Structures are given as C-alpha cells and as structure tokens.
Amino acid sequence: MTVREGLLHFVLLGILVLLFFVVSDYHDGNWARIMVLAVYAVGYNLLFGYTGLLSLGHALFFATGMYGLALPIQHLGFAPVPAFLSALVCAAVVSSAVGFLALRTSGVAFMIVTLMFAQAGFLLSLYAGRYTRGDEGFVIPQSARIIAGIDFSDPTIRYFAAFFVFAAAYLLIAWLIRTPFGKCLVAIRENEDRARMLGYDVHFHKLVAVILSGTVSGAAGAAYAFLFGYAGATFASVQYSILPLLWVLLGGAGTTIGPLIGTAFAFYLIDFSSDLTTAHLLVVGLAIVLLTLFAPLGLAGEVRKRIVGWLP
Amino acid sequence: MSQFTKNYVLPTRRNALKLLSGGGLALAASSTMPGVTRFAQAQSSEPIRIGFQIHRTGIGAAYGRWYDRTTQAAVKRMNDAGGINGRMVEIIAEDDGTDPKRGAEVVEKFATQQQCDVAFGTLFSHVVIGSAPRAGELKIPYFVVSEGHHVASGILNRYTLQPGITDVKSQVEAMAPFVSTNLGKKVAMIYPDFAFGHDHRDYFTAALAKNGGEVIAQIAIPPTETSFTKYFPKIPQQTEVLYHVMVGPAVLTFVKELGEFFGSNHPEIFGFIDSLEAVDIQSPGLEFLEGTYFWEGNPRYVQNNQTSHDKMYRTAVGVDESGASVSDSRDISTYAHMFGCWETLNIIKAGMEMSDYQGPQHRSRLIEAVEDMTDIPLSDDHPQGAKIFNGKTHQVFGHQYISKVENGRMVLAHTTSIEDTFYPDETDYTTQPF
Amino acid sequence: MTLLSTRQLSKSFGGLQALRNVDFDLERGRIRALIGPNGAGKSTFVGAVCGRFRVTSGNVIFNGNDITRLPAHHRIGLGIAYSFQITSVFDRLTVHENVALGVRRHLKANQERVNKQVCAALDKTGLRNRADQLAGDLSYGHQRLLEIAMGLGQNPQLFIMDEPTQGLAESEVDAFQDLLQTLCQETTILLIEHNMKVVMDCADDITVLNFGEVLAEGPPAKIQKNEKVQHAYFGTQT
Amino acid sequence: MDFGPHLFLAILEGAVTAAVISLTAVGLSLVFGIMRVVNVAHGEFFMLGAVVAWWIATSIGIHPALGFTAALIIAPIAVGAIAALSDRLVLSRLEYDPERTIVATIGLLYVFQQATLMTFGPDARPVEPPFNHRLAIPWIEISESGLNLTWPWGLATTSYKLFVIGAACIIVAALWVFLQRTRFGLIMRATQLDREMATAFGIPVRRVYSVVFALGAALAALGAVLIVPVQQAHYLMGGDPLLLSFIAVIIGGLGSLPGTILAGVIIGMSDGIISVFFSPTLAKILATLLVALVLIFRPQGLLGRAP
C-alpha cells in the first residue's frame, strides 16, 4: 500500500470518527445506518467493481446474515457474539453454494441465476413464517443486544460499532485489492481470457470473490439486524439486491471509497428530496438518469478519471 | 442556523441522554433542571408536532392517501377547537415508502431532526415492527394504527401503543361465533401467505374449533400473486363457508375470479373487507357477492341507525354515504381502517391534556396517561364506537361489525360486543422502565 | 531433448474437423514456426496445446508429462506462455501492471523480485519508459510488444506466439526479429507467422499445417523446396 | 375437485399467464437481441399500457367494447412514443453501454412509477372487459356405464380469458410475419447480426434502435391492455411482468424469438401446473429454482446456440 493511499484511508476513517462529534443526533443516526449499509455496498463492490461479476441476488447474502444472527438469538437464545459468528458462517456457506452453481454461467445468465436464487431465498423466508414471521419480521429485543454490559442500542455505541464494522470491511477490501489475489480479480474483470492465459485459476478466484463478497454482505445484514433491532423478509426482496448495485454505480465501481460515497449520496438524496416534495422517488429517478448521462463512472470514478488518478 | 444551534447544544443533550438511560430518577431530575424548564416554557407557544409516518409510496399507498385525509381532517377539527393545551397541532408527514428500513429512518428523523413530540400513523405491520425498536430507543411515543397483533403480543416496547384500532387477533376471534352459528361449521380459509394471513389462519382456526366448527382447508396464496383461479380447486366441495382475506393491489382480481370460479352455486362466503378495501363493491364482476358477509372495522355505507358522530366524522373527512370521496364517487375510501387515525389523534390529545404535556420531557407522563385510560365512550372523538383500552398490553378493544351485501350495499347484520374481542393478556408493558 | 510433443491430436468443432491426428515434436531451445494457409488449424493447434478448449482425442505431452486433461491455467503454471493473435492486453491497467500480473503469478508476493523481473521484461521489449502508461493508450505496435513482454515476464520454458508481427510496420518487424533472436537463448519458441521473411530468417524448423494435418516439417530451406507445400501454401499465396 | 379437471383448469389459467408473458417477453427479447441492452424499465411500459388503457376506457365510456378497442390501438402507440422519447433522450446518449443502460433504466423505472403515482394515484383500477361470460366446461368421465359427460364443480373459464389467449397468438404470429417478410424486419435482423456492417450498408442504426425500443415497449403495453380487464391497472404492477419476461428471454436463449415464446409458454404453464401439486409458495420456490438450474446446466438457454 503506498503512503498516499494509506493516508487516504486514514483521513477517510478519521473523518467518520470526527463526524460523530460535529453533526447533530439525527445525522449521527443516519451515518450509523449509512456505514452499515456501506458495508453491504463494499461487499458488493468486491464482486461487481473489482471482479466484474454483476449479481442481482446479493439480498440473499444480506438476508442470510440478518437471519443467521437474528434467528439463533430469537429461537436458540444465542448470545450476540456467537450469533454474529453464526451469521458469518451462514453467509459463507450460502455464498459458497451460490458461487459454486452460479459460476458455471457468466454474463446475463449469471445475473438471472443469482436473481433466481435470491428470489427463492425471499420466498423461503416467507414460507418459513413460523420462525421468521415472514414479511412482518420480528424485533430483536434490546435485552439481547448487550455485549459485556455494553448496550448496542445506545446511539454512541451504535455509531462506533457501525464504524468499526465499516472500517474492518473497508480496510479488508483496500488491503485485498493490493494483494496479488486482488490484482488478479481486477485482471479477471478487465479480460478474463487473458487472465486465464497468464496462468491464473480464474474460476477459483471468482469463487473466492463470491464467497468474500457474500460474507461481507452477510456481515452487513447481521450488523443491521443487531444495531437496529429488526429482521424481516423485506431485506431479502429483489429491491435490496438492486440497491447495492445502485450505490456502487453511483459512488464509483471499483474504487475503495465509492461504496460509502454512493450509499451516503443515495441516502441523502432520498432524505432531502422527501423534504422538498412528496414525489421524492421522481427526484431520485431523475438524479440516477442524469448521473449515468454525465458521470458514468460514478462520483469517485469521475474524480479518479479527472483529478486524482491514483485513487485506489 | 438550526445546524449551528444544534451543534452548540449537542454536548449537553448527549449528557442528558446518558442520564436518561441511567434510570428513572434521572428523568425526574432532568425535568426540574432550570435549563430544561426554560426550554419548555420557550416552547409552549410552539405548535405540538406530530410526526406522521405515511405510506405515500409503495404497496401501502392506497391506504396512505386516506390515512392522510383522515389525519388532516382530525387535526383541523382539533385546531378549530383550540388545539391541545392551548397549542396548535402541526402534522409533519414523511413518506416511509411502506418499507421497514425507511420507516425506522423516518422515526429517527421525527425524534432527532424534526423535534416531533410523538410519532403516529403507521399501518403496515412490517413498517411498525421495523420502526418500533428505534422509537423505543429514541424514547418517542409511537402511536400506530396498524391492526396488527404485534403490539399486544408483547414483542414491541413501552413507547409503542395502539389505542385507536383493534388488533387482528381480537377481530378474528370475535368472528368465529357468528360464522359457526349463522353460516356453517365447515370452513375453508383463503389468506395471503405472510404474517398477516398467518394470524388469520392461526387465530380463526383455534377460535372456530372452540365454537364447534372446523377449518377443513387452509389455502395460502403467495404474496405478489396476480392470478388466483388456479388455487380455488383446492377448496373442498363439502365447504359450507368460504373465509377469505386478501390484501394488496390484486384484491379485486381475487374476488372477481372467486365469482367466476363458483358461478351462481357458491357456499356461504365470509370475507374481511381488506379483500375489497378501497374497491367499489359495485364493480362489474362482483355481483355474486350479493348475500355474502363481510367483517368491517367501520361500516362503509351509511346505516339506518347512523349516529351523529359518524355523520360528523364522514363530513369532516369528506366521505359520502357510500364510503366514496365526496369529490369523486369512484374514489372509494379505506373506511374500515382509517377511523383509527382520527381516534388515535384524539387519544393523543386526551393523553396530553391529562398529563399536562408541555414538551418532550413529558413524554413518559403522556404514555402513563394513556396507559391509565380504560373506557372510551362513543363520541365525536370516537365515532366508530365505544372502546376499552388495555393499558398493560397497549391495545384497544372495541365493537366489530359484520355486514351483509344487499342490493350492492353493505348492510350491518351483526355487531359484536367488546367482550367478544377479549383474549388473555400476553404481556405487561407497564413493567418496562421508560 | 523434447519439450513438447503431441500424439494423434484431433479436434472437431461441430462437424468441422479442425485438427486431424497431429503428431508434433519440439526440441528445447529452438524456434519453431507453424505456418499454413488460413483455416489450416494453426491457432486451433496452439489452443489445444495451451488448453483453451478440450481436444476430441489425442495427447499433449509437455516436459515428459501428459497434460492433456489439465486446465489452461495449470499448463501455463508449468511454464507455457501464450501471446494472443488479437491483441489482448489489459487496456485499463498500466503497462507495468500488465507485465507484473504474469510475473506475480509465479513469484507470488515478493514485491522486489517482481519489480526486477517486470523491468527486465520491459527493458528487453523497449517499453521501460512507458511503464506507467495505460496499456490502452499505447500504439498498436507497442501493444504487440507488450504482449511479448507479458509472456517474457512469466519466464516460460515454452513461449507460444500467435502472429506476433501481424499489423506491424516494417521497421517494427525488423526490431521484433532482433528481439526474437535474443529470446531464443532463454526459451523455446513456437511461432505462428504469416510473414515469410520472419519465418525464413528466424525459424530453426518449420511445421506446415493444411486442413488440420501436418503437411511437412523441416528446416526452412527444405520446406521452401517442398512441392506439396508450394502447391498448398505458396502456390495460393503468389 | 378431481385431479383431471383441476389440472385442466390450471392449464387454462397457465395459458392466460403464458399469453401475456410471451407478448411482454418478446418485446424485451427484441430490445435485448437487437440493441443488446437490458431494459429494466420494461415492466413499467407494461404498467403504462394498463394505465393508459384505463384512462382511455373510462374517458370514452360509451360501451366497454368501444373503450377497450380504442385502448387496444392507442395505448401501445402512446407507450411506444414514450419509449422512443426515452431512447432519444437517454439510451442513445449512453451509446447503449450495457451497464450504464441498466442503471439509467432503473432511473427511468422510478420516474415512470412516480409520475403514474402522482397522476393516476395509488389505487388498483379496473377496466371493464368488452365481453365476459362464465363458460362452464364439461368433463368426460369413464365409468362402468361407459363415457359420461359431467359438469365438474368449479371447472369454468371466461370468454374473455379465451380471447386473451387467442389474441396473443395472433399478435405473435403477426409479429413473426412482420419480422420475416417485411423490409423493416429485414433491416432489424441485419442490425441484430452486425451493427457495423448495417451502418456500412447505410442502415440508419440509431433510428432502427428507436423503433425497436418503441416496438418492444408497445408489445409490453399490448400485453397489459389484454390483461387489464382481468387484473387491474396499478402503478406497481410492472415488477412481475419484468421478472417473468426477463426470465423467459434468458431461458429461451438470448435474442431467439421462438425460444422466448417457448420459454414464456413454459413459465406461464408451469406457474399454473406446479401449483396443482405443491402448496402455492413452495411451488413458487421450486419454479424459481428450476429456472436457475436450467440456466446453470444450459446457460445458452433452451433454443440458444452453444458457444
């Protein structure tokens, strides 16, 4: 990792820490949520932005993490830490299975296969309503959200827990893409055949990328359930597969800071426009169209192209 | 400007919050702190701000529009009569997209950004359940109008109350005696395959068995389904009563296809009006409903014995004798549910007046005041009927109406007593600390 | 010593028999040219050697090991490098990174050694001063050189080049020929080439393919005189 | 209900779904095959078709048949015009880049949905069918006394549903003739095969793309007009047709019209038939996994060519 990249990561994470003390309670709450959702986008970005695989089924991984944490807490009385580990294991297992099957396809077929698996997962969460309470979902009681006496529903704790999860995911990916493994993923994105003929096991690399991406997304789902106290089938619906794609594209696919920027941008776009007009999705839709027309690489992508070429 | 002041006061507010979480004593102390009192006095001329979580977009939008109209009408009436504790009431409406994630964000916005006194108005269960934890953590009273059993089941928290509309469990259980006595013993149920439908399935099946009947088929329809005929052959031929409840934009298709399936030769049909909420009962293809029965939260058509309260309420909201908008007869209201907004707002008003509510520091007093309520008489404030509030479970109980379709209108056939809707308490929220 | 051989190698695509029972042997340290008219099966042959697809029947033996069933990346790992007929560099990566990808695969994470080897490959191909440019911004000639550099970076025992001089200017072809001469000291080269001047000047031996079969094999002088070859190949060319 | 009549009813219902999916999917397939873009807003064109149909039918309002006929003609044209405009304003400016068009059409999806919510409102609104009779269907039973004609309880369809199936067949056939036998069809196929070559031969590719995009949208709208008397116009109704027709296009094999139609029929029918054997939601889960498995083991689709 070069010095300036390290500095960038340090400054970015530093800003997120400072932010807590500068902005109002409302925005603290928002940023806690943005950071957790940005973890989801970071996970998605690894697969889409760095490996070039467009999945339309990541809600499956997010929801697996969410239920992987929430169901053991709810029905088996797990403590938070084992529940979080269970979420990671579940997400890793599900993403391995999906990766193993879906990677037999590529391109549009890959999109559909992942979409179908996610749809099956969504329906399953409804079908298993006895445990999941289906679309209605269930609350993770505050009493189950305490680790070593620390109450994770407290705004300050929540903020820094979200920060910690985000920083971990962010640095993991920032480190990964500097490793030979990560560089090979980029090579696969750019030209899969060439990467294979340089001697890389393309299928293996893609499979690991799917598993890592799915597990990070699952961690985001688990963190969301734990920090905001709710798990429900809505998060497994197709809409939540599209969202990380949108966030990553808006922020800049294949940039480390893009997912956070895109998530925050989309969040505040909805928040501000719903203050201005009841037709806030109209504003969102127009903004998306305009961004694709005039900033096709996403916000961070355009910055990299026009101003700072070294942006990781 | 507000940004700056907020930054400035932030540290003290944080400390106050920590104190609050420290225990009930700290709360009492904070209200006597001089700074806080001054803040309250300065605010007393300000309007009372009610955050209205509205389904303006998404799957709940048809309900949201009428919840909005009812809310606006109730607030206008309130302000015309001098507001609450001499202060005007202001509605801060924010769309939740009928989505639990956005719903939680909206509650946060009410509590921390818009400085609302209370949050109010949510209908769809998943939005309620997704938002309620945040309301509890931010300690903002959250008055829902959802008819879900989630409040009384005990999964939510002390800050979440449902004082304006009965829950699905009591509705369903109150229907069972009528169905088994008047319509038939062998019942086939059709319901949507998610939590709301599962509540119908579980509570009605049990209640019917208690009343000597039997559910002989449970047919769950997948959500987002748009064509239904293929599921109807699963209705057993010996069915005496068909019990249907459906929600979502495809309800009219559902009912129409039900008619096409049976032709003129159908069993007794008993439905929840949810299956036809916001839909004209005289739509082409629904003729077969003549002579069938519906549960109604509040009778859509003006009845012979209409109370003055219903008359006043109808006029105030702008609904005609057939339950449609006075300005557009094709625009059918969600009459069976939306009264809940009107009545909930009046409960909030009554609670604030009883507790001499001055500002957010009195939120727990407001909740205690509402918890203390029991009998709620029929009145202009409560035009749907008398109710009994259970402070322990935070859930209100009330009369249920069963109407029969006669000449294309729904005519009241039976009114259950409030006691019919009772079931044993499943929780006691008053034991939870604030 | 034989580095690469194939036995009875056959490949058909649908109804088309692209390779028919090809027996082929390549000695270590030689430059072998593979020629033949369009559609003779040259690219299919090297594709089969590299494992870009499964062969219908027959065997590929590399360094004495049967590699017929190994996937492509495995074969590359054994010391085969392949440069593409249609320029196939990573457009949006720098020249340095293009080469480093190939180097890193066998040197793993040792940054210093990787850099050294990348620089060596770039030096040989004269691309050192363009190391930080994006590959997509290079001229076509330089991209062809980059292909070669990517192969060199892998330190291959066998370097397969599919029409490396295609589309190059005459001066560039001359430079390439010089490069080829220096390379043959460190690796064995299998070259598909249309430019007969390059073939005759550089190749130690020539294999001629026609309709998926080996038509002739031998040193350039002998091939030039071969009647069958003249008929099938030169006959149609001139 | 007995198994036989039940299955028959499920097949009939499946055929209605299949008819609408096929029409919508053929529209998506044209756009996908010729322009190589994934139009996420395709379902919204379907929705717009239904909404415009409601609007026309209620504003004419003399006799349902008149309103419906007018809607059948005007709605596809109106929706096609909206699509052509979107193509000119957005897609063509993106140079039809695959990823960017996906995002842009997500944006368009929101714009169309929200504009409809603001003008048309959130309610599901019915359109009266031009004719609608309940047709009880006889069943032949084999018993000891020979063949018996019976009228099983609940075995019925409506004349309008049969009309939907017939109309969809006619439209697809007409489209086939249009693509195979007309000059414009030839131009479209040429553009599909090789865009550069088509440009070289003086085909105005940009204009062809606009027309194709409009035609694709119009087909979706047509499917919607046909189904709206059975279902209702609602601003969120575009999700399902998008998903199903998307699946049909991929399962059928990219750009293969016969494949798309075949897949549309299979998906529509299986939706009906699987529900006979399994509990409904489980049936949906199985059908979904089936689609995934078909693609995994035959990624080029049913009628696509192997790479």
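General remarks:
Read from first to last, the chains carry the letters A, B, C and D; within each, the first residue is number 1.
Definition applied: a residue touches a chain if its C-beta (ideal position, glycine included) is under 8 Å from a C-beta of that chain, and two chains touch if they have at least 3 such contacts.
Model, not experiment: these values are computed from the prediction.
Common neighbours of chain A and chain C under the contact rule above are absent.
Compared with chain C, the chain whose C-alpha mean position is the greatest distance off is B.
Each chain gets a centre from the mean of its Cα atoms; for chain A and chain D, those two points are 33 Å apart. Averaging C-alpha coordinates per chain places the centre of chain C 50 Å away from that of chain D.
Chain centres here are Cα averages; for chain B and chain C they lie 74 Å apart. Taking the mean of the C-alpha atoms as each chain's centre, chain B and chain D sit 37 Å apart. In chain D, the residues touching two or more other chains are 114, 117, 239, 281, 284.
Looking at chain A, one finds that residues 123, 126-127, 281 touch two or more other chains.
For chain B, residues touching at least two other chains, in rising order: 57, 193, 222.
Chain pairs that touch one another, listed by label: A-B, A-C, A-D, B-D. Note for the complex: chain B touches chain D at residues 57-59, 61-62, 64-65, 193, 219-222, 224-227, 229-235, 237, 249-253, 256, 260-263, 265, 278-279, 283-285, 331-332. On chain D, the positions that touch chain A within their shared complex are 38, 90, 93-94, 97, 99-100, 102-104, 106-111, 113-115, 117-118, 239, 243, 246-247, 250, 254, 281-282, 284-285, 288-289, 291-292, 295-297, 299, 301. Residues 179-180, 183-184, 186-187, 190-191, 193-202 of chain A are the ones that touch chain C when the two sit in their complex.
Of all residues in chain B, only 3, 6-7, 10, 13-14, 17, 21, 56-57, 94-95, 97, 99-102, 104-105, 108-109, 112-113, 125-126, 129-130, 132-134, 136-137, 148, 150, 155-157, 193-196, 198, 222-223 touch chain A in the complex they form.
On the chain A side of its complex with chain B, the touching residues are 22-26, 29-30, 33, 123, 126-127, 129-130, 133-142, 151, 153-156, 228-230, 232-235, 270-271, 274, 278, 280-281.
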